[in-house]
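Each of the next two complexes has chain A plus one other chain: chain B in the first, chain C in the second.
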Partner chain A sequence: MSLPKLEELSQSVWQGPSLSTGAIPTKEWMDTPVTFKPGGYAYPAKKEKLEYLDSQPGLNFPFARIWSPEEDDWLLPDNWKDIILKGLAERLDKFRSLKIFMDCCVRCGACADKCHFFLGTGDPRNMPVMRAELLRSVYRGEFTLAGKILGRLAGGRKMTVGVLKEWFMYAYQCTECRRCSIFCPYGIDTAEITIILRELLYSVGIGINWVIEPVSNSTKTGNHMGLQPLPFRDNIAFLAEDVENLTGVKLDVSFNRKGAEILFVTPSADAFAEPGIYTCMGYLLLFNALGLDYTWSTYASEGGNFGLFTNNEAMKALNGKMYAEAERLGVKYILGGECGHMWRVVHQYMDTMNGKTPANMEVPVSPITGTVFNNAASTKVVHITEFTADLIKHNKLNFDTSRNSHVRATWHDSCNPARAMGIIEEPRYVLDHVVDKWWEMPENTIREQTFCCGSGTGLNTDEIMELRMRSGLPRANAVKHVVDQHAVNTLACICAIDRATLTSLVDYWTPGVTVCGLTELVANALVQKGENRVDMPEGLRTMV
Partner chain B sequence: MPTIEHNASSFEVDEDGFLLKGDDFNQDWVQYVQSVEGIPELTDEHKKVIDALQEYYKKNGIAPMVRILSKTTGFPLKRIYELFPSGPGKGACKMAGLPKPTGCV
Partner chain C sequence: MSQQQFDLAEGFRKHQEEILARWVEYTLSTYESSDFFKKEKNQFANPIGGNVRIALGELLPLLIKGAGRSAYEPPLERIISIRAVQQFTPAQAVSPLNAIKHITREILAADPESKHLNGELYDFDFAVDIALLAAFDIYMQFRERIYSVRIREIKSGSIVLTDSKCPSKLLKPEGEIPMVQAGI
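What follows is the complex of A and B.
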């Protein structure tokens, strides 16, 4: 799809019609059906990917087929409605949170203008209260006495194909970022509603390929990219060689090494694509400088878990791979790289989902500082940013900030580490030490209130680029503010989806800004023993 | 999925016009992608990139990192963009008959 010019899109964001219908709605929302046009939806999940996943033990991805959102007939199974209603009933029973979220909204509207999708599309159904209402109306109409008797008068409706299509549209115009939830007086977590919508849709074979192919690849080869063990190893070795050529320090890198103290797991994009590869070079340099007893794994070669964007079983299976590998290698704990949603899964779900960690794992202790990470006592996974902040706090790293003199940075709080996990002060503390000065974006766009990149939860695919530019506008707008005020040229973050998607976003809305990971900036500034550096005007990005 | 007819060949492609079956790759495909990508003339340099991509893909089942492609061909990224205006992924990989990558990219 061709992307509109910046001026056209900016105008359209505040004056144009809703994306879902191509017109300003004239009827009530229940009477306004959705229409799918090219560019308005992500490509459906490929049949063979769903079939492969469905064949795996413990996974359930039924009704694989070739279908198109643009066709009237989505080729649903005959009993699709029973499946959806039964699925919803099961989830209302299983997840008390869902039942509460369905019952307790008072329509106060506090969430309405907090969603980046609503701000970027102007579509009323993108108000979080409305997104939840898409499901809540069915809950009322099919599950509550008032709704069964009074129907629309009680805000209820029956489950129909039209409702299902509406779910598909708006479950994929939400990045599960949870910004709305911090403004909700009841703490209704719209992300969990979107999660349920997506799960229910998968139960009748409806999903998107940009999510399902990474899930399939992770199941088959260990990572989203589909990197098999040898190219995974070779890519990292290649990046290590680049670091050696730049710094003159020989790196010690190991793979699948039994008896290592620490298993390091990061998004596979860091081992494949720009700009993540510079973050990866940063990890390699940092760990080597520390003499860390760590290993990479070609089996657990993915931090990301797109299972979170499909269903509970897939999320659990993919998360389990890291721990299976931690057990096989006999490591004490896992050090996790700069990934976003990996931390949502680990921090919020795995305790009850995957249960106890393998017996060989221990409460993480930094081998350099002796700090005990009691916050990770149950999951045994330490975030690289807290690990690095602790090293700095104990004066274990020697920095020359002039090595980052090409960088005028601002900080993007990646939604999941910031809002879901509370990694808010640590990256700021690290930044304070590795660059001379950096600038915050406006108050209501950072920390817990951070704006999403607009393309998370597997929406980082090119066919919906206009939608992504719209939903990313609030974030881009805040970046532009610090670009204009302080000539910022670098947007730093701790998420691989961010690194990829913010690059497209700022190229569109505020060109000339570079996106990077935090560890890239750490490694740029790090003074190592025995180094013999070439001139590195662009830090680790300098080509040799 | 759509089908592309070019000269005497017919190709099944995905939504973004990438070849679904790598085995269908032939010179008609190269010519077809050349026309849709707006590449005025195919040179030995294009061929070198295509060969490098295919050789790596056959061995590893995935496209190489762009930096590895640069190293094997000796072309800096800027030159690859001159040869393939849509870039190494959307231009060169498409012409070489490789699938498009997924994930956090």
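What follows is the complex of A and C.
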């Protein structure tokens, strides 16, 4: 009997392109060029979307063109290298954090195995230290004396087209979730390195459409979908009608109402896409039960801020829209819905980026409990979960948890609210009161150590579905554990991107699990005066 | 005959742990940077390493026993569901399963007490073949699942986050910015 030897079998496994880079894994990483294949990259930004954004005051999105990552020639401007190096020099000067991050890494490796992209691919360039090294090597080679003289001996290299392509591949295999940063002894925020990489790429017209089209739409009409005021209003009204049919309670919903106490801003996906619409129905029911003096805006109709995934100027402009609307309507403060990166921008960047809030805004005070949200004294925006937790703490809500008896929940800490903002105990406190019992995922996958959905920062596009399943594996693996152990059937969270993308993630890894927002569960269990509910075996999802 | 079977069973009992360790090591070596996958034992910190270890640990005794296709499927699903979404060719995705034949032979041959058993592995090889064929089917099931997940996402409305063609968008030519406040 003639059987191939093990080594020959290994050869057959290794022959051909390797995992995600297309490289034969025997060379050093600097010598292995990246290869782009269908399914391995998100589609480039549309020319007309970049042109529109570039035409807007204060925004800079130059070199719009039609190009393909699969082509050798990316049609870069002639002076692309000068633009990149000048851009890097400016940012090293402007952001002290970047300069420190470039200099202080000692390559201890603490971050290496903490990234969901690395854990799902085994690709060394997805180790956070290595992803940062893609930029750091250019910094050394072009900006430090040792790197200029010693080159690779000092870990330096020159900026080339190949390096630029590598940046594009790996800046879009990072969801800026910051899990790696909590393990770094120096506090290097690798997400901010990705942010800089993406900014530099946009300066030569390289970006992805799933980011740029929402930014363009938000700039133009106020929300990711490009919806104009009337359809936005109508859709909320439809959802209010659904709530009325289910609960028998007449809802009072207002739009662009001047003089309201509170402006409510949430991701537009909550208004239009499943499963976010059920969370939206939850907001409507909750606010009505409280008799809250609030209004929606059809112009600041988006909590999400995809500007964070492009450059500082776009992020600042989109964040500013919420406050421009808060000023126009004369509200005291903003109540923010279940969104992810909206909170990252508000909590981490807004103070130094946008400056003071409009004069009409005040330190938020709950009109129901009198609680002063001093934590929001500078931003004047309160998170719906801390708002709800405060209501429960003061016994202002009545719940019948049996109304959630169809739910066996676990809790996903969404990266931005949890890790970046510290909203960790509040949702657990709320969950304790609205369901009979729920189950935590393993300790090293929750709270500050939570694993990303794998599709944040504009990677929630279907053409890279396999990549998303790989990067979401660590999250899904923990979900599967509680599904197997406790027959969990619901994955709850407070992020619109999570609600959309975890749905696909669990459809692949643990079919049968439902993804929902926290306020959906709150509203399911809420008992209010004058209600005349139909039988709701699936809560707000019950079809009437 | 019964004496020979006992000998083979004894050989497997003696070397099963070593065979499994090498099989896990071999499978994880198909990843470009695999040191961590091999070292870290916590299955939540290391989902690929953890699932490969669990799946192959379940599968090996079943193959030795010749338990049959339906018994092989759960551990195969655990491992192939992962490899089906990684950038392996179909052959690369399933080939580590085939490696168990060669690993077993090398380990048995290295021990004088079990060297003679290499001629008696027909049933074991057959079980591996059955598992390998099942793995191809499972690979395709998961490929089909990912296509259906993609289609479901497009149909669900999540796609409208960017590329929607909602009625109001269709009504307006590209570039026009109606900001009508009337009635609102």
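Heads up, the rule we're going with is that the second predicted complex is superposed on the first by the 522 of 544 C-alpha atoms of A that agree within 3 Å, B and C clash if a C-alpha of one lies under 4 Å from a C-alpha of the other, contacts with A are read in each partner's own complex, and residues count from 1 in each chain.
In the analysis below, a contact is a pair of C-beta atoms (placed from the backbone, for glycine too) under 8 Å apart; a residue touches a chain by one contact, two chains touch by 3 or more.
All figures in this text were calculated on a predicted structure; none of them were measured in a lab.
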Partner chain(s) touched by A:527 [first = chain B, second = chain C, both, neither]: neither
Partner chain(s) touched by A:238 [first = chain B, second = chain C, both, neither]: first
Which superposed partner A:146 touches (first chain B, second chain C, both, neither): neither
First, second, both or neither for A:226, with chain B first and chain C second: both
More chain A residues in contact - chain B or chain C: C
Touching partner for A:210 - first (chain B), second (chain C), both, neither: both
Which of chain B and chain C A:470 touches, first, second, both or neither: second
Contacts of A:298 with chain B and chain C, given as first, second, both or neither: second
Partner chain(s) touched by A:487 [first = chain B, second = chain C, both, neither]: neither
Which superposed partner A:272 touches (first chain B, second chain C, both, neither): both
Chain A positions touched by chain B in one structure and by chain C in the second: 209-210, 213-214, 217, 224-228, 230-231, 269, 272-274, 460, 462, 500
In the complex, chain C residues that touch chain A: 26, 29-34, 36-37, 40, 42-48, 50-51, 81-82, 85-89, 91-92, 95-96, 98-99, 101-103, 105-106, 142, 145-146, 148-150, 152-154, 156-164, 166-169, 172, 174-175, 177-181, 183-184
Footprint of chain B on chain A - complex, ascending: 43, 66, 209-210, 213-214, 217, 223-228, 230-231, 234-235, 238, 242, 267-269, 272-274, 276-277, 304, 306, 460, 462-463, 496-497, 499-500, 543
Residues on chain A engaged by chain C in the complex (per definition of touch): 3-6, 9-10, 12-14, 16-21, 25, 40, 48, 52, 112-113, 118-124, 127, 209-210, 213-214, 217, 220-221, 224-231, 233, 255-256, 269, 272-274, 298-299, 442, 444-445, 460-462, 465-466, 469-470, 473-474, 477-478, 481, 500-501, 503-504, 507-509, 511
Residues of chain B defined as touching chain A within the complex: 1, 15-16, 60-62, 64-68, 71, 76, 101-105
